[in-house]
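You will see two complexes here that share subunit A, one where it goes with subunit B and one where it goes with subunit C.
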Partner chain A sequence: MSDTLAPAPDQPKAAGRSALRSLNFTPRFWVSIVLIVLVALFAFVGDMLYPYGSNQRVGSLFDEPTPQHILGTDNFGYDVVALLMASTRNSLYNGLLAGTIATFLGVFIGILAGYIGGWFEEFLMGVTNIVLAIPAIVVLILISVSIQGTNLQFLKGIIGMSLVIGFTSWPWTARSVRAQASSVATREHIDVAKLSGARTFGILLRDVLPYLASYVVMAWVLQVASAILAESTLSMLGLGPSGTASLGVELHWALAFNAVANRAWWAFLPPTAVLTIISFALLYLQSSLDEVFNPRLRRGKKKNLAKAAERRAEAARRLAAEIEAEVAP
Partner chain B sequence: MTETAPAPAGAAAAPVVLAADHVTKQFRVAGGKLTAVDDVSVEFREGQVLAVVGESGSGKSTLARMLLRLLPVTSGAVLYRGRDITRIKGADLRRYWHDVQAVFQDPFASFNQFFTVGHMLRRSLQTADLGGETAEQRIERCLGYVGLKPEDAVYKYPHQLSGGQRQRVMITRALLVDPKVLVADEATSMLDASLRVSVLNVLQDLRRDLGLTVLFITHDIGQACYFADQVVVMEHGQVVEHGPTDDVIFNPQHSYTKRLLADVPNLKGSLKSQRLG
Partner chain C sequence: MSDSVFEKPSRRSFLKLGGVAIGGLALAACTGGTSGSSTSSSAAGASSAAGGASSGAAAVTMLGVGNNGQVGTGRSGTSGDTLFICGHQWGPPANFNPLSPTAAWPATGNNNQYIYETPLRWNILTGEIMPGLCKAYTVDGLTITLTMQDGVTFSDGSACTAKDVAGTFNLGKRNEGLSIASFFSDAVSIEATDDKTVVVEVSDVTKNTAQVLRNLCENYVLPMAVFDAIADDALPTEQMDNPIGTGPFPLSKADATQVIMQRNDNYWGQTFYGSLPCFSQLIHPIFNTNDDSQIKFQNGEIDVAQAFFAQIWKMWENGEPVGTFLKDKPYFVPGSMPMLLMNTTKPGLDNPVVRRAIATAIDYAAISDTAMSGYSGEVQPSLIMPSGAEEKYFNASDAAANGWKYDAAAAEKLLTDAGATKGSDGIYVLDGTRLGPWSMITPTGWTDWEAACEIVANSLKAIGIDCSTNFPQQADCTNDIQGGTFDMACWYVSGVNPATPWARFKDVMSQSEMKPVGTTTFANYGRWTNDTVEALLTEASSAADDTAKKAAYDKLDALYRSEVPACPLMYRPDEFFEYNATNFYNFPDEDNAYAPPMLRGAGNTWLFKLQKVAG
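For the complex of A and B:
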């Protein structure tokens, strides 16, 4: 029986490194990462280097770009570049907070429904479908309007906005996570974990969630992108946070002061461009993550492909020679 | 430990450990109900190997999962040492799983690919009564039963093991908690022939040394013949024949058993006739 044992134990600690190497970081992934890092540097490091603050009045209504203020001033006379940095920062905060809340809720509800099943699943998915059937924008408008009427200061700012968006945008994630979780729940290793005495919570955390991790990361990136866009939509309609800057708020004021008719392109084009870059980078990242995690989508490096083709050709040649040798006598 | 060959008289004397009492399982499917297990009553006596044989879809795995309490029964009862455990929950159920353990069919799907073997084995021991041993000692002892050394397995991830090693690690995991009953649900069907025999021998040794009661579920009547004391033949969710292995294999009464036996490749005859011819 001992002849079927492994010949020699190889280094036990090699697994961690090989796990990282097995991920496939494609050019698409790097392009999106570079874009995201650039936006983040602009938002978080830029204002330390830039001489003007975002709440510092430096001119008057829609001053044209000058060498000191390369994108001019907005309708209140603030420097557009300084304002853009603050807005981008707030929009990123909002996206991260709202996206994380939505992903967390969606994964929590989806994984519970998918794993436990039965009437509990029917109930949770019923709730999810009801929430899904209500137009999100209507709920967002109603809640954000009522928040502006309360006395709670922190809710009126960007945090309140993020909470509202986070607590209304989880249903899609919940539905897709449920589908994935219910397929993982039928795997035999779940039965093995149960027989090992693991509790339901432990099974969800250790035996179900890791199998969904790549999917959850992708869903999170998508939620962050859509939260940033949702905030901009609301803010542009004038329902956004009061007293703070954000990309949508900038667009709102540009619209209110007829920046387009006044040909003040520097007031509305820069926030639009940043918004476009952020959502493009995040969506691109999301689609590239699919390749990073899914081995079947890997397009091998050109070098490897060429090598494999050569190997195949070599094998074919050898086979042909063998057949010939067999046929000849 | 009585280590006798299948002897019906001695078998009847051993106490019943696990029993299914008129167990039925129905699945709701589109357009009606599907009865996977239909009013089955079987008894497992201590220290015996009982094989459940049947083709795919005969309900044998469903029966095993109900005995393991991984699947709720539609009607009937599962008895462990005379106690009704059909509806126990929580801590009671975990205690039941200290006594009744299982090895499953697919040695690839049985592993959580994110954990090392050692992590998985220690997880099994979290709630177990170690009786003076450390976890490491217990793991080493149980790996020894299946012919593995800790350094061969403990630090490895499942994908670094071969199919036979994985299945033996799964047997180790089942043995860690000192079970009284082991349910082997098609435990050898995904292994190649030589490994199959080695796993069967491991189970046979364990049954002899630890007094384990084994429920062996298989579609291969040859393996059942090799290994089991008693054979239960299932067809379409019903038990069609039940008795000591020798009676069932060499004197089958039911037409389905005869058909199953006819499907076993007759090695001796065919080879001999070829060589002579």
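For the complex of A and C:
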């Protein structure tokens, strides 16, 4: 037991570990990454290998699964697997675009408010709070309805949908980034930067943003997940992009044609499953990144934990022995 | 006794436990069977029904049963003495005043004749006008004379006379906001010359006897004793919870969950229809969604439904005793013709070549197969329904020679022959006009029409016409269409009725109702202009006999085919008539066609002919 206290023979080696290794990625991280990669492969590579197109009528209304069409057909007679690939792809595009827009806006507004402070902060946060107070889904529905009524083809598609979602879901990111930015703004290195004559935007970019980077990455992952869900919600209500496949649109048509009562499980279960996997994987990724970035949440491997516990127990025993030895004479 | 099973195990209690477990399994198997996956329980049901219904041979001779030849076992108790019907009322019933715009079923205009009845009844199958409250009618030039049935009474016992018939239509003169007021756009007067005789004078301007007869088939006769006491402006707003009508099933109770009607055992028509209905109660449960009604219907808790159920054949393939009028596709008798309307004031759509290319580019089979679940027959390039009551006017050879059918290559050729060139974005440009972007609208929630629009938009994109869909609220959609601000729309025109196909030609091509864009109109929503069509419409409406009518319709249909102001997308039944022979049999079907597959009009005949499965 005493050898555990001696300098570990592998310590010099530890210094040589790769940077990636030292990030201490947990199994959670790897599980979520594998799920995300699988979904992405299915969406982006799958349709190159799959023989049927997503806009190709191969059967009739809700044909049952057959060896050729392993998930049958939807209400338009399209192959569900082909449709699912196109839908997943569009939903991922939507999530990435909308999530990036929302994160960019949120970080921009939050960091400005938090760093500059004063009336400017009050003003920006006032606007943010007002936007937060309005239920996002109501705003989304109203904008979607009016966009679908126009003749702007560009906005009616999946890109328009992403823009709408991106421009309405930044407020909570802005609020939390502001809180972090205002704490960073009081640190000494900011004063040093100011004294050395750096410009405000330079400070924001080089001296404030890096301290928030871990949070921003996690917020982005969450924004991507919630954008995918928001699009699905709208599409399921029938307010989705016109003439484009997406997971929500698939669910909309499945519901409209009573897939549940018709026992056509292949029409509504696959998109539901893909949606669940995507949002689960993204949320899981977010929580595993949290562990990577926040040392307090960091958990070691099980055997290391056991060793550490033994080490602490041994130290306590020795302390007790020392005290006993002191008291004894 | 009850807890003996759970005492310490002995041989006996072990056996009991086993019995409970097996019973549970059997129960589970039964519920599995009734929900449709196995045919055994239904087959057993059919055989036990055969045993229960008087003789073993009964199952063979029973007519009007499920399309799989099966009947159920019947329901026990009060529900066995009740006809359950659904698909008409989807919200809480507000008012049983038929003049109210928010009238509840069955007081809504031209619906099931349970509380109120009409002077005449129309048969969608034969095109015949059949007797209703009036036993006969004669047309002499522009005068229609109706003779009342004998002994017609209202549910309160008072007599229903010719004065009630005339008075009902004359309500339209007392309040011009009532929908019945439209009777006088084609009729000059309606009067009761004595208690049994009603005389109608048809307008000598429109000479449209068919439209007047249609009104006589579609408007309920109301008790004047009640309606005379109501102030003229209050007629549409009067609250009526205890309606008085001549029908066999006066209202008993109505709330947010159901409408209950109780048989009137003194019904005037028991001699005319042969008997009273064999059930004493009629209930319309109010469901929130189509899904709910479908599940109740396939479980045999609903006897007759009027709703779009996709792939209804799966129900009888799964052993449910479900039936439709036609035993093979399209299962339903076509009765309406949803139209692709094209706004001819929009650049591009003003060109008949483009409109014809659009009509040729649409994959009608896909619409019929998927959006309509196979319930639509082959769509013809004509405004005349090619089967049923209008068949005699349909010119099949001209439709084949000068019409169109789905052919994407031919559609593109029409455009390129006219000089159109494809732009870099894959969309054709004709004479400097890009074909699109056009938006195609239909009200949100009209599921099969929404799906049809998606298929049209995809069909058009496939040949190089830029079209996308949009599904606004019904009110917005109506405004856009009536006001002429839409590009393309899927919308309804006159279904099969006593005044069609004339009324349908008028709906699509009328010039007399032409209004500028922005002003509401009720016909020719596409604002298509033509100098010759009005004369042809008058020729058709005033034609003396069927030969003259056919000649006029041939000319109208030829003009329609050369100009394509709109095009039919599918044929839809006027009403979905679906029945479940769990509790009743002798429903009308093609092998037992004593009544048309209707709920309104002449469809009330079957009400009196149904028989109970369980005797």
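One rule holds in what follows: the second predicted complex is superposed on the first by the 279 of 329 C-alpha atoms of A that agree within 3 Å, B and C clash if a C-alpha of one lies under 4 Å from a C-alpha of the other, contacts with A are read in each partner's own complex, and residues count from 1 in each chain.
Quick note on the criterion: a contact is a pair of C-beta atoms (placed from the backbone, for glycine too) under 8 Å apart; a residue touches a chain by one contact, two chains touch by 3 or more.
Since the model is a prediction, treat every value here as computed from it, not as a measurement.
*Asks:* If we overlay the two complexes on their shared chain A, which of subunit B and subunit C does A:R206 touch? Say first, second, both or neither.
*Replies:* The answer is first: A:R206 touches subunit B but not subunit C.
*Asks:* Name the contact category of A:R187: first (subunit B only), second (subunit C only), both, or neither.
*Replies:* first
*Asks:* Applying the touch criterion given at the start, work out whether A:A198 contacts subunit B, subunit C, both or neither, answering first, second, both or neither.
*Replies:* Touch status of A:A198: first partner only.
*Asks:* Would you sort A:R312 into first (subunit B), second (subunit C), both or neither based on which partner it touches?
*Replies:* In the superposition, A:R312 contacts neither subunit B nor subunit C.
*Asks:* Which subunit A residues lie in the overlap of the subunit B contact set and the subunit C contact set?
*Replies:* On subunit A, the subunit B and subunit C contacts do not overlap at all.
*Asks:* Looking at the complex, which residues from subunit C come into contact with subunit A?
*Replies:* Within the complex, subunit C contacts subunit A at residues 36, 290-291, 294-295, 309-311, 314, 363, 366, 369-371, 373-374, 437-439, 444-445, 447, 450-451, 454-455, 457-458, 461, 466, 468-472, 487.
*Asks:* Under the definition above, what is the set of subunit A residues touching subunit B in their complex?
*Replies:* Listed in rising order, the residues of subunit A that touch subunit B are 1-2, 4-6, 9-10, 12-13, 15, 187-189, 191-198, 206-207, 210.
*Asks:* Going by the contact rule set out above, which residues of subunit B touch subunit A in the complex?
*Replies:* Against subunit A, subunit B makes touches at 65, 68, 70, 94, 97-98, 101-102, 104-106, 109-112, 114-116, 120, 123-124, 126-128, 147-149, 151-152, 155-157, 160-162, 164-165, 170, 173-174, 177, 194-195, 198, 201-202.
*Asks:* Within their complex, state which residues of subunit A touch subunit C.
*Replies:* Within the complex, subunit A contacts subunit C at residues 55, 57, 60-62, 75-77, 145, 148-149, 151, 153, 156, 238, 242-243, 253, 256-258, 260-263.
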